[in-house]
Amino acid sequence: MSTASAKAMAYDNKGILGTLGRDGLLQIILIANTILMLFPIVIMIFSGFKSNPEIFNNPFAIPDFTNLSNYISVWTQTNFIRYLFNSVFVTGVSILSILVLGTMAAYAIARYEFFGASFILLFFMAGLTLPLKLAIIPLFILFRDLGILNTHWALVAVYVAMGLPSTVFIMTGFIRTLPRELEDAARMDGASELRIMWSVLLPLCRPALIISAIHNLVPIWNDFFFPLVFIQRDALKTLPQGLTAFMGEYTTNWGVMFAGLTLAAAPITVIYIILSRQFINGMTSGALK
Amino acid sequence: MQKTIIRSVAALAAASVALPSFAQEISFWSWRQEDRAQYQAIIDAFQEQNPGITVNFEAFEAANYNTILSTALAGDSGPDVMMVRAHGAFETVAGGGYLMALNDENVPGLMDLPEPALAAQTLRADGQIYAVPFASQTMLVIYNKDIFDDLGLEEPQTWDDLLAVSEAIQGAGLYAFANGTAEAWQNETIVSALGSSIIGQDFYEDLMAGEADFTDERFVAALEALVEIKDYFPDGFVGLDYPSAQQIFASGMAGMFAGGSFEIANFRSQNPDLNLGVFPAPVANEGDQHLVGLFFDGGYAGNAQTEHPEAVATFLTYLASQEFGQVFANTLGNISPIPGVVFESALLQEISELNQNSIPYIMLVHFRYQEPSGSVLLQSEVQRMMAGESTPQAAAQAVTDGIATYYEPFQN
Amino acid sequence: MPRLRLTGRGLWITALIVPPLAVMVTFVAYPILSALAYAFYDWQGLQRGEFVGFKHFHTVLFTEPFASWTRNAFINNVIVFFSLMVIQNGFGFVLAYALWRELPGAAFHRVAVFLPVVLSTVIIGFLWKLFFHPIFGPVNQIFRGMGLDFLAQPWLGQSSTALGSLIFVNAWAWVGFPTLVFLAGMQRIPTELLDAARMETNSEWVLIRKIVWPLVAPSATVVFILLFIGSFNWFELPYIMVGLDGSPYGSTDVLGLYFYRTAFGNQSAGVQDFGRGSALAVLTFMFIAVVAAFWTIRLRKREIQI
C-alpha cells in the first residue's frame, strides 16, 4: 500500500464525522465565495445612493434608498439612454445576423455532403482561436475604405465575424444530432429545400439557437475594444464606451460614478437573473463538447 | 388673393432653397470634456455675430483624443474645426496633410500672435502654420493661501525653504503636497513644476547646443530634489491617480500641488472658495534665478477637406481675436497668447508675469517627435525613482540612453 | 433530370455557404493576412510608405529600449496566464466540486459565482479601481478597520502589487466560467460509474483523481486554451485600471497595451506607428496560434489515451 492511499485511508477512517466535516468545509467555501462575489456589487449599488463624505466615512453603511440624486444626475446629464439604445441596436443586429448566417453554414455543412465541407468547417473553427483584436489596424483601414468607419456597421461586421465560428460550431453539432427522417419525408412530399430548412429544421433548432444567441450576447454587449477604435461620435457610442467617457467626466464624484456603474450593469444583470440557466448553458456551451 | 398665395409659396420655396447656402454647419472637436459649458457659451456668442454658421461642439476623452482625431481624419470623417496639440503631438496630425494651412489672409490677426506660440503649431517640414494657438501652460507650484496664512508660512524661495514649509504643513496634520504618481504623465509634470529652477537656463541652453545630456549634474540635481520632497507627498502617493490628487488639494486637505496652470480652473470649479497662490520652482542656492516650465498647449485647426472653408476660416479668425482671448482667459482661466488680453484674475496676471522667466517644458517641447519619446522615458523612470526602485543617476542615464537611439548629440 | 437536380442542389449549397464564408474571408482572413503584410512597410500615420522587410520585427525584438519593452510585456502576459491558471481554474475546480455535491443553497451559489462573468470588463475595472483607491477605497478601509494597517497599500501603484491586483480582479470576475464548465462536466459523469468507483475506494481524493478529473478533462482543455488566448489578449482590464502605459513603470504592461500604444500612440508619446504595431500584432498572433494548435493536439491525444 502506497503512502498516499494510506493517508487517504486514515482521512476516510474518520467516517461520518469526516464526511460531514468535508461537506461543512465545502459549504463554508461556497458561502465565503458568494459573499466575495456579491459584496462588491452590493457596495456598488449602495454607494450609488450616497454622497462623497458618506462613501468615504461609512463605505459599508446602508444608505437612504430614497436619495436618487446621483441616479438623476446620470440619467439627465449624460447620454445614458442613447448609449443604451446604441448597445441594444448593435447587439441585436449582430446576433440576428450571426444566427442567420451561422445556421445557413451549419445546415450546409451538417446536412449535405459536398467537396470541401470539412475544410470549410475547419476554416470556421480556426476563427475560434484567432484574436481579431490583433487585426485591428487592417480592419480599421478596411472600414475606412468601405466608408463605414464611425458607424454601427463597422461594429456589426466585426461582431458577426467574431460570433460566426462558435455559432457554426454549436449549430453544426446540434443539427447532426437531429434525425433526418422528417426532412426526408418533406422532401418526398416535394417541398423545396428552402421550405424544408425554414419549416422543418428551424423549429427544431430553437434550443441551439437560444444557446448561440446567449453565447454571443455577453461578449458583444460588453465589448469595449472595437468601439474604442471604430466609434468616435458621442451619439454612436455603446454602453461600455459611453461609460468611460462618463467616468472621465465625473472623476471626483464617487456617488455619481457608482450610480453610473450600477445603471450600466443593470440591464444585463436583470436579464441574467431571470434567465440564469440559459445564460450559464449558453456561455459555457463552447467549452462543452 | 391667389396671386398672394402663389407669391408667398414662391417666396417660401426660394427661402428654403436659399437657406442651405447660408446655413453652414461646422463641427468642432475638443479634448476638454470638462469645458463643455464654457465652450458652448463662446460658440453662442460667435453664432450671434455670424448668423448662418452653426458650430457643433463635441468633446472626447483626452487620453484617446489624438487617436480618435487622426483616425477620423484618415477616415474622412474628421471634424471641420478641431483642437490639436502642440509640438510633437501636433506633427502627427499636421504631417498627414489633413489641416488647412493658416496665414494672415485666411485668419487675419494670426501673425500678431507671439512667435514661440506660432512655432508650436508650425510643421517643421514645410514651415507652415496649421493652427491658432490657444494657451500657454506654466508648470509651477500652486498653494492654498489660507493654509499658508493659518500656519504663518511664506512662499518658499529656496529648496530648503520648501522643505521647511512642507514640514510645517505636515506637522499641522495636512498633506504638504497632494500629488500622486500613479498616472505616468504626472511624473513629467513634477519634474518641471518643482525642478525648473534647479535645472536652470544654462543647462537648457547647453542641452539645445548639444553640449549636455540628461546625465548632466544640473538635471540629476532636480531629480534628487524630487526624491527629497516625496516624503511630503500623501501616503500611498504611488497609487494616487490624478483626479484624486486634484480632489485632495481642492478639498483643502493639502497645502501645495505641483502642477500646471491648467489645474486652476479645475480647483476653482471643485471648490470656489479656495484661496490660491502660485510660486515658481524653488532655487537650490539663494540668488539663483527662479524659473517656471512653459509650453504651448495646443491650437485650433481647420480641416483641409472641409465643405465650408469660409465658415471655418471665419470661426478660426474669431478664435484668434482678442474678444475670444479675453473670454477664454476669463471663463476658462487659461493664459491666452493673444496680444492685448487682460487678465481679470490676479492669479493669471501673476502667472503671465512669471512666464517672463521660464525654460520650456523640455520633453514635451523638444523630445516628442520620435520613439522612444523623451516624455515616455522620463515619466516611467521618474515613476520608478519616486517608488524608491531607482536612483536619480540611473533614471537620468536611462532617459539619455533611450533618446540617444535617434538623437545624434547624445550618441557620443 | 438528375443532373439538373444536382445543379439545383449545388446552387442551394452555394447560396447557403457563400454569405457566411464571405464574412469570414472579408473580416477575419483578409485583415489577419493584411496585418502580416503591413508589418513589412513603413507607415506615416495611416499612409503606407515603402517596403522595409523585417526592420520592424528586428526593432521590436532586438533594438533597445523596444526589445526590453517587448520582453517585459511578454513576461507579464506569461505571469498573468500561469497565475490565472492556478487561481482562476484551480479555485474554479474546487467551487465546481463543492457545487456538484448539491449542498443546500447550491442553486443560489451557482447564480452568484457566475454573475460577474456577465458584467462588462469596463464596469468591473472601474469598480475595482475605485475599491483599490489608496486613500478612499473600501479595500484599504476594510484593512484599516480590522487593524491591519500594514495591508492598506497603494495596491495599483506599486510594482510589487499592481499586477497581482489586476490578476485578482480578473479571477474574481471570471472564476464563474471554469466553475460552471467543470460543474457541467462533473454532472455528466454517469452515476453508475461513480457508484462502481465508490465500491472500490472510499477516498474522495482517489475518486477525484481517477474518475472525476479524467472525465472533466475534455472541457478543461477548452477552458485552458480559452484562458491562454484570453491572457495573451489582455487589454481592457489593465487599460481601465492602470492606463495605457502599464503603470507603474511598465509593471503591468502587457502585449495588448503595448501593441495599442505603439499602433495608435498615447497622450504622452504622440507618435503612432502602424508598422511596428503590426509587427507586434503578428508576433503575438503567431505565438498564440502555434501554442494553441500544438496544445490542442497534444491534450486531445492524451485524453484519448486516458
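Just so it is clear, A, B and C label the chains in written order, and each chain counts residues from 1 on its own.
Following the convention adopted for this analysis, a contact is a pair of C-beta atoms (placed from the backbone, for glycine too) under 8 Å apart; a residue touches a chain by one contact, two chains touch by 3 or more.
All of these numbers come straight from a predicted model, not from anything done at the bench.
A.B. asks: Starting at subunit A, how many touching-chain steps does it take at least to reach subunit B?
C.D. replies: The least step count works out to 1.
A.B. asks: Average the CA atoms of each chain to get its centre, and name the chain whose centre is farthest from that of subunit C.
C.D. replies: Chain B.
A.B. asks: Using the touch rule from the top, point out the two chains with the most contacting C-beta pairs.
C.D. replies: Ranked by contacting C-beta pairs, first place goes to A-C.
A.B. asks: Based only on mean CA positions, could you tell me how far subunit A sits from subunit B in angstrom?
C.D. replies: Chain centres of subunit A and subunit B, defined by C-alpha means, are spaced 41 Å apart.
A.B. asks: Just the number, please: Cα centre separation of subunit B and subunit C in whole Å.
C.D. replies: Computed value for the inter-centroid distance: 38 Å.
A.B. asks: Between subunit A and subunit C, tell me the centre distance in angstrom, where each centre is the average of that chain's C-alpha atoms.
C.D. replies: Result: the chain centres lie 15 Å from each other.
A.B. asks: Which subunit C residues reach two or more other chains?
C.D. replies: 46, 136, 264, in rising order.
A.B. asks: Could you say which residues in subunit B touch two or more other chains, in rising order?
C.D. replies: Each of 62-63, 67, 71, 74, 244 in subunit B touches at least two other chains.
A.B. asks: Which residue numbers or ranges of subunit A touch two or more of the other chains?
C.D. replies: 144, 229, 244
A.B. asks: Could you please specify the touching residues of subunit B with respect to subunit A in the complex?
C.D. replies: For this pair, the touching residues of subunit B are 33-34, 58, 60-64, 67-68, 71-72, 74-77, 243-244, 246-247, 250, 270.
A.B. asks: With touch defined as at the start, can you tell me which subunit A residues reach subunit C in the complex?
C.D. replies: Checking each residue of subunit A against subunit C gives 5, 8-9, 11-12, 22-23, 26-27, 29-31, 33-34, 36-38, 40-41, 43-44, 55-56, 59-60, 101-102, 104-105, 107-109, 112, 114, 120, 123-124, 127, 129-139, 141-142, 144, 157-158, 160-161, 164-165, 168, 193-194, 218, 221-222, 224-225, 229, 239-241, 243-244, 247, 254, 257-258, 261, 264-265, 268-269, 272-273, 276, 279-280, 283-284, 286-289.
A.B. asks: Which of the residues in subunit A come into contact with subunit B in the complex?
C.D. replies: 140, 143-144, 147, 149-150, 228-229, 232-234, 244-245, 248-249, 251-252
A.B. asks: Mind pulling up the subunit B residues that touch subunit C in the complex?
C.D. replies: 62-63, 65-67, 70-71, 74, 85, 88-89, 91-92, 95-96, 180-185, 188, 234-241, 244, 248, 368-373, 375-377, 379-381, 383-384, 387, 389, 401-402, 405
A.B. asks: Using the touch definition from the top, list the residues of subunit C that touch subunit A in their complex.
C.D. replies: 9-10, 12-13, 16-17, 19-21, 23-24, 26-32, 34-35, 38, 46, 94-95, 97-99, 101, 103-106, 108-123, 126-128, 130-131, 136, 138, 141, 172, 175-177, 180-181, 184-185, 201-206, 218-219, 222-223, 225-226, 229, 232-233, 235-236, 240, 256, 259, 263-264, 274, 277-278, 281-282, 284-285, 288-289, 292-293
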